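First chain A sits with chain B, and in the next complex the same chain sits with chain C.
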Partner chain A sequence: MEKIYDSQMNVHDFIKAMFEKNIVSGLGALTQLPDNKGISYSLLSDGFDFQKCMPFYPVMPANAAIAVSKLTRETSPSSPIAVFLRPCELRALIELTKIKQARLDNLILISFDCSGVFPFKDGKYPTEDTLKRYDQSIKEAKINDTIRQVCKGCENYQPEGADIAISIIGRGVHESLALSFATEKGKSIQEKMGLTASEIQPSTIEQLTSDKKRNKQELFKNTQISNLDELLDVFDTCIACRACSYVCPICYCKNCYFDSQTFQYYPENYAQRLNKKNTLRLPLDRIFFHMGRLSHMGSSCVACGMCSDVCPVDIPVSEMFKAGGQNIQGVFNYQPGQNLDEPMPLVTYQEKELHEMED
Partner chain B sequence: MNDIKIVAFLCNWCTYTAADLAGTSRLKYEPEVRIIRLMCSSRIDPVFILKALMDGADGVLVGGCAPGDCHYSKGNYYARRKVAVAKTIAESMGINTERIRLSWIPASEGPLFAEVVNEFTEKIKELGDNPTKNEVYL
Partner chain C sequence: MKESIPKIGVYVCHCGSNISGKVNVSEVVEYATGLPNVESAQEYKFMCSDPGQQLIISDVKEKGLNRVVVASCSPRMHEKTFRLATQTAGLNPYYFQMACIREHDSWVTENPEKATLKAKDLVRGAVARVAHHEPLTPRVVDINPNVLVIGGGIAGMQAALDIADAGKKVFLVEREPTIGGNMSKFDKTFPTLDCAACISTPKLVAVGQHKNIELMTYSELIDLKGFVGNFTATIKKKARYVDASKCTGCGICSEKCPSKKILSEFDHQLTYRTAIYTPFPQAVPNTRVIDKEHCLYFKKGKCKACEKFCEADAIDFNQKDEIIDVEIGSVIIATGFKTFDPTPLTQYGFGRFKEVYTSIQFERVNNATGPTSGEITTKDGRKPESVAIIHCVGSRDQNHNKYCSRVCCMYSMKFAHLVKEKTGAEVYEFYIDIRSPGKGYEEFYNRLQEEGTHFIRGKVSEVTDIVDDPSDQGKLTVVAEDTLARKVRRIPVDMVVLSVGLEPSEGMQDIARMVGFSLDSDGWINELHPKLGPLATASDGIFIAGCCQGPKDIPDTVAQAQGAAGSALSLISREKLAIEATVSVINPNRCMGCLQCENVCVYGAISYNPALNVCEVNEALCKGCGNCASTCPNKAITVKHFNNDEIMWEMEGILSN
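And then the complex of A and B:
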């Protein structure tokens, strides 16, 4: 466990200090838009009114890993940029880096122990009252009951792998920041900022973790599919809009395989199928798309919950994909986003493994 | 149950050659299997397996060289991982994983190929029709 230091600063002062000490030249964080028009992940430079930064604000309009991937995919930034990421966004960014869709050079990864985000449906932000209760639940290290389903069952809410980790659970968002510095990059920032005094004790989170584990198991039980009828039932309302794949941080392909010519059939293919079945629900491959997508991104799924948020017909995609993804990850004992040097499951192998798959 | 369909993805160097040998040796085996030849078993994609099952195939057989004997030295290890993904997804999505089979059949083992096909066909007959076969709302 890394030591935690009391910075004696709130988040805005901390951001300002990083700019003043020339540690960063840019910042990516959730930010209040002008005229209170909403909150969005934004790239900011010195001179911005950092009081408008709200890195802990509990909504995820988009998974920030996508924004950081776009920022760094072609080349790394020429001077250091700090990015605030929730733990699941950080894991997604690590996965994207593995597949060469992002670069971490000159990026300073700042993350925090996350208490989940509210579903971002119809562009509606949580009310003052909801936010107050959310802040209370952070202070008490409890689970807020109106956050995303996958957040309620998220056991990976600790900011593993961040250069700077902020501990807020058990302290609250308005206290001075409790910081820990796990990486070399982080330690050098700690030195530059002069944060070596006043160590503090970590909060007790065992109860929270075990509550989340219980929620997860319940979630998996509620969304389990055990036969074709149940599968058809769950995806009955799917309109094949593909929104789930567009917002998925792991679905990075510019041209989705499932939109490709491979799945473009000729009239005789339809005729042949009709011959056997008398009816065909169109478009074809509606449910198969979800299975195929799971096979492409399941091993890297970080269970951020974006897919459920954008689903216009409220299919619990992320709940099912969290379970499906964990099953795949379990087979290969792979934890997405945990270690940049660990190869993804399908590009590596062991000679002696998976004998239960052979007949 | 009528009209069983088994789709077999076989590697060019071992299992496909074994199927060839079974043919030239005039071995009799169940005729339900439709073979698709791959240059290597690692060309299999979980998507191929899932697509076949969703489009009404009753079973999918993946055949490759025995571990250590791959023509490209390590392709079959990748194939094993991909089949594992397909099976895991099938399990998560309520499709019977017994409809997917991975077998290592060396080129010289024509009789083994016939045996595997017979065994798998028997298994599929036991399982009955794949429910996706007549389902129109997929």
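And then the complex of A and C:
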């Protein structure tokens, strides 16, 4: 366990200090849009009114790993940029880095223990009252009941692998920041900012973790699919809009294969299928699409919940992907996004594995 | 261009009675006639025969067929035959598809009706597939005639000489300061007892003087890139600190060098050498080397005695390692072996008793240029009265190397003969089994028995300096169970020779990774096929010779070296190489440069192009296995002749009954 230091600064002072000490030349964080029109992940430079920065604001309009990937895929930024990421966004970024869709050089990864985000259905922001209750639940290290389903059952809410980790659970978002520095990069920032005084004790979170674990089991139970009919039922209402794949941080393909020519069938294919079944539901390949996606990114799914959020027909996509993903990850004992050096299991050959799958 | 309307000819083979004994061929033919796009269907006793192929050729011309399906054996057997026939008929060879109704059907199906049904399914799949085939053209590349030989022992030298004599350029890379390898350390060679130096020194000289051989000693391969016919090898020439063009090999530098107590690698620690040295008098090249680790000047910054006395002004302390790229078309690996280190077998007392020698040390003791000028004496100068030779040290041993090292029985008997001849001492050979398969080898064994060598069948349990009889004080006692006489023998001897086994040279893992071949569990190189491809590896254009593939004696090594040289020359004489057209291609518009394909490619055929941020396939290295295509989540990769369309149609055909 890394030591935690009291920075005696709130988040805005901390951001300002990073710019003043020339530690960063840019910042990525959730920020209030002009004229209070909403909140969005934004890239900011020195001179911006950092009071508008809201890194802990409990919504996820998009998984920030996608933004960071777009920013760094071709080349790294020429000067250091700090990015605020929720733990699941950080894990997604690490997965993307493994498959060369992002670079971490000149990035300073700041994360915090996350209490979940509210569903962003219909683009509605949480009310003042909801936010107050949310802040209270952070202080008390409890689970808020109106956050995303996957957030309620998220056990990986600690900021593992961040250069700078902020502890808020048990303390609250308005307190002075409690910081720890796990990496070399983090430690050098700690030195530059002179944050070596006043250590503080970590909050007690055992109860919270065990509550989340219980929620997860329940979530898995509720969304369990044990046969083909249940699978057909769950996806029955899917309109094949592909929105889940567009917001998924792990779905990194340039053009989705399911939109390619391969799935533009010849008339004779339709005829042949129709002969056998007498009826064809159009568009074809809806479940094929979901299963294809699960097989491609299940081992890397970080359970951020974006897919469920955008589903216009309320299919619990992320709940099912979290369950399916954990099964795949469990087979290889793989934790997506935990360690940049851990190779991805499906492209790594090991002589001794999966013997239980042999006959 | 894809022909707009496919006109398919189907040919169902009887394969004698191999297929027709189970499958109702006529029924399959009749069925095939009714399949979409099929112009004609026929049966024939042996499609692979000349008249069978002629059938295809004349049908294409007369009936205007543009696709061909043959239902017969496995494609591994005759796909090439029928592709060629299709090509001879004037079609693209890839407008052909084979349905395997022998291995996959008639041979493995009991019920004739089911077998006939399955044959129909397979033919239907092939017909559906071939209609969607695309024409492919193999790419032709030039073959660079230069050859790289790695290792300058007898295998490497022989291979280099054969290739150079054929008029081709050879780069011979040797890690040590001289060529010659292990053979140059030997005295006599079994079973003919001709002198190793007399037969190997002329080879050293020939290699050194050959105009087609560029000798690179004290050098190592550090990288190999490219593919068969077109490799680039990167070689590190280590600094000798002696200018080879000036050094005359007079040896005054070694005489004057004050660092004299360095254990000689060539004499296997039995003698000392100086910091500036040459491994042995007949070394090629005869240019000295400064051993930087032990040189006083490099250690303390002063001395330079060699420089002072060198009349040729050849010493150059500022020399640097050189990195050289050479272009070659094929590589022969001849990295040889090292001997087993018997130190872990503490019961034999190696390193503890000064009269316990390894066999390679004993070769040096026997050699006229060795520590005793060829006299067999103990370290305090006595003539031995009795000598024990212990076989299988480190070989055929579950705790060390499980394999038989093949040469130890024979060289041990050679030692017995030499000891007897030179000293008259009693020689005791402790063996498990005597293995003497080879021309004149068994005869040599018989000769040794007649000479009075004591052969004791039993593994030695201990070599000790505790003697039973006080008059034997100073001798070593060898304890072993004589399993033929069924009693424990304790024999006092003056010298003990451990017949140590052979192991792969140091650094084989690195070379394997660089060059792209695999090693077996003992570390020897895996040949392409244990019987029919003993000189080739799984990487095209990479050949092997000598002990790097497994323990062997000199005749076998030389035979392999000449074979490898022949393989390389055969490749060179083709001048051009057609590269299989069934390779994968990456569509740069779809590729995200995620490198997952590179991760799963075992042939190193995929590389990353940072300028475009996409991956690319080297067609010459690609074997068309399809690993990359199935890994790419973006489906940016297509394997030619196995693209999705073709496979989907084949499946559609097979399943659409």
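The rule we apply is simple: the second predicted complex is superposed on the first by the 359 of 359 C-alpha atoms of A that agree within 3 Å, B and C clash if a C-alpha of one lies under 4 Å from a C-alpha of the other, contacts with A are read in each partner's own complex, and residues count from 1 in each chain.
In this section, a residue touches a chain if its C-beta (ideal position, glycine included) is under 8 Å from a C-beta of that chain, and two chains touch if they have at least 3 such contacts.
Quick caveat, the model's predicted, so the values are computed rather than measured.
Engineer: Clash or fit: what happens to chain B and chain C when chain A is overlaid?
Structural biologist: Clash: chain B and chain C overlap once superposed on chain A.
Engineer: In the superposed arrangement, which partner chain does A:Asn255 touch: chain B (first), chain C (second), both, or neither?
Structural biologist: In the superposition, A:Asn255 contacts chain C only.
Engineer: Taking the superposition as given, does A:Ser299 touch the first partner, chain B, the second, chain C, both, or neither?
Structural biologist: first
Engineer: Between chain B (first) and chain C (second), which, if any, makes contact with A:Lys100: first, second, both or neither?
Structural biologist: Only chain C; A:Lys100 stays clear of chain B.
Engineer: For A:Glu358, using the defined touch cut-off, is the partner it touches chain B, chain C, both, or neither? Pick first, second, both or neither.
Structural biologist: Once the two structures are laid over each other on A, A:Glu358 reaches chain B alone.
Engineer: Identify the partner contact of A:Pro345: answer first if only chain B is touched, second if only chain C is, both if each is, neither if none is.
Structural biologist: first
Engineer: Comparing chain C with chain B, which touches more residues belonging to chain A?
Structural biologist: Looking at chain B versus chain C, the one contacting more residues of chain A is B.
Engineer: Applying the document's definition of touch, where does A:Val310 land relative to chain B and chain C: first, second, both, or neither?
Structural biologist: Touch partners of A:Val310: none, neither chain B nor chain C.
Engineer: Per the contact definition in the header, classify A:Ile164: touching chain B only (first), chain C only (second), both, or neither.
Structural biologist: It touches nothing on chain B or chain C.
Engineer: Does chain B (first) or chain C (second) touch A:Val331, or do both, or does neither?
Structural biologist: first
Engineer: For A:Leu232, is the partner it touches chain B (first), chain C (second), both, or none of the two (neither)?
Structural biologist: It touches chain B, and chain C stays clear.
Engineer: For chain A, which residues belong to both interfaces, chain B and chain C?
Structural biologist: Overlap of chain B and chain C footprints on chain A: residues 257, 296, 346, 349.
Engineer: Quick one: which bits of chain C touch chain A in the complex? Just the residue numbers, please.
Structural biologist: Contacts found on chain C: 589-596, 599-600, 613, 631, 633-636, 644-645, 652, 656.
Engineer: Which stretch or stretches of chain A touch chain C in the complex?
Structural biologist: 73-74, 99-101, 252-255, 257, 260, 262, 269, 272, 296-297, 343-344, 346-349
Engineer: Quick one: in the complex, what on chain A touches chain B?
Structural biologist: 225-232, 236, 257, 276-281, 284-288, 290-292, 294-296, 298-299, 320, 323-324, 327-328, 331-332, 345-346, 349-351, 353-354, 357-359
Engineer: Of all residues in chain B, which touch chain A in the complex?
Structural biologist: Per the stated touch rule, the residues are 45-47, 50-51, 54, 56, 67-68, 74, 77-78, 80-89, 91-95, 101-104, 116, 120, 131-132, 134-138.
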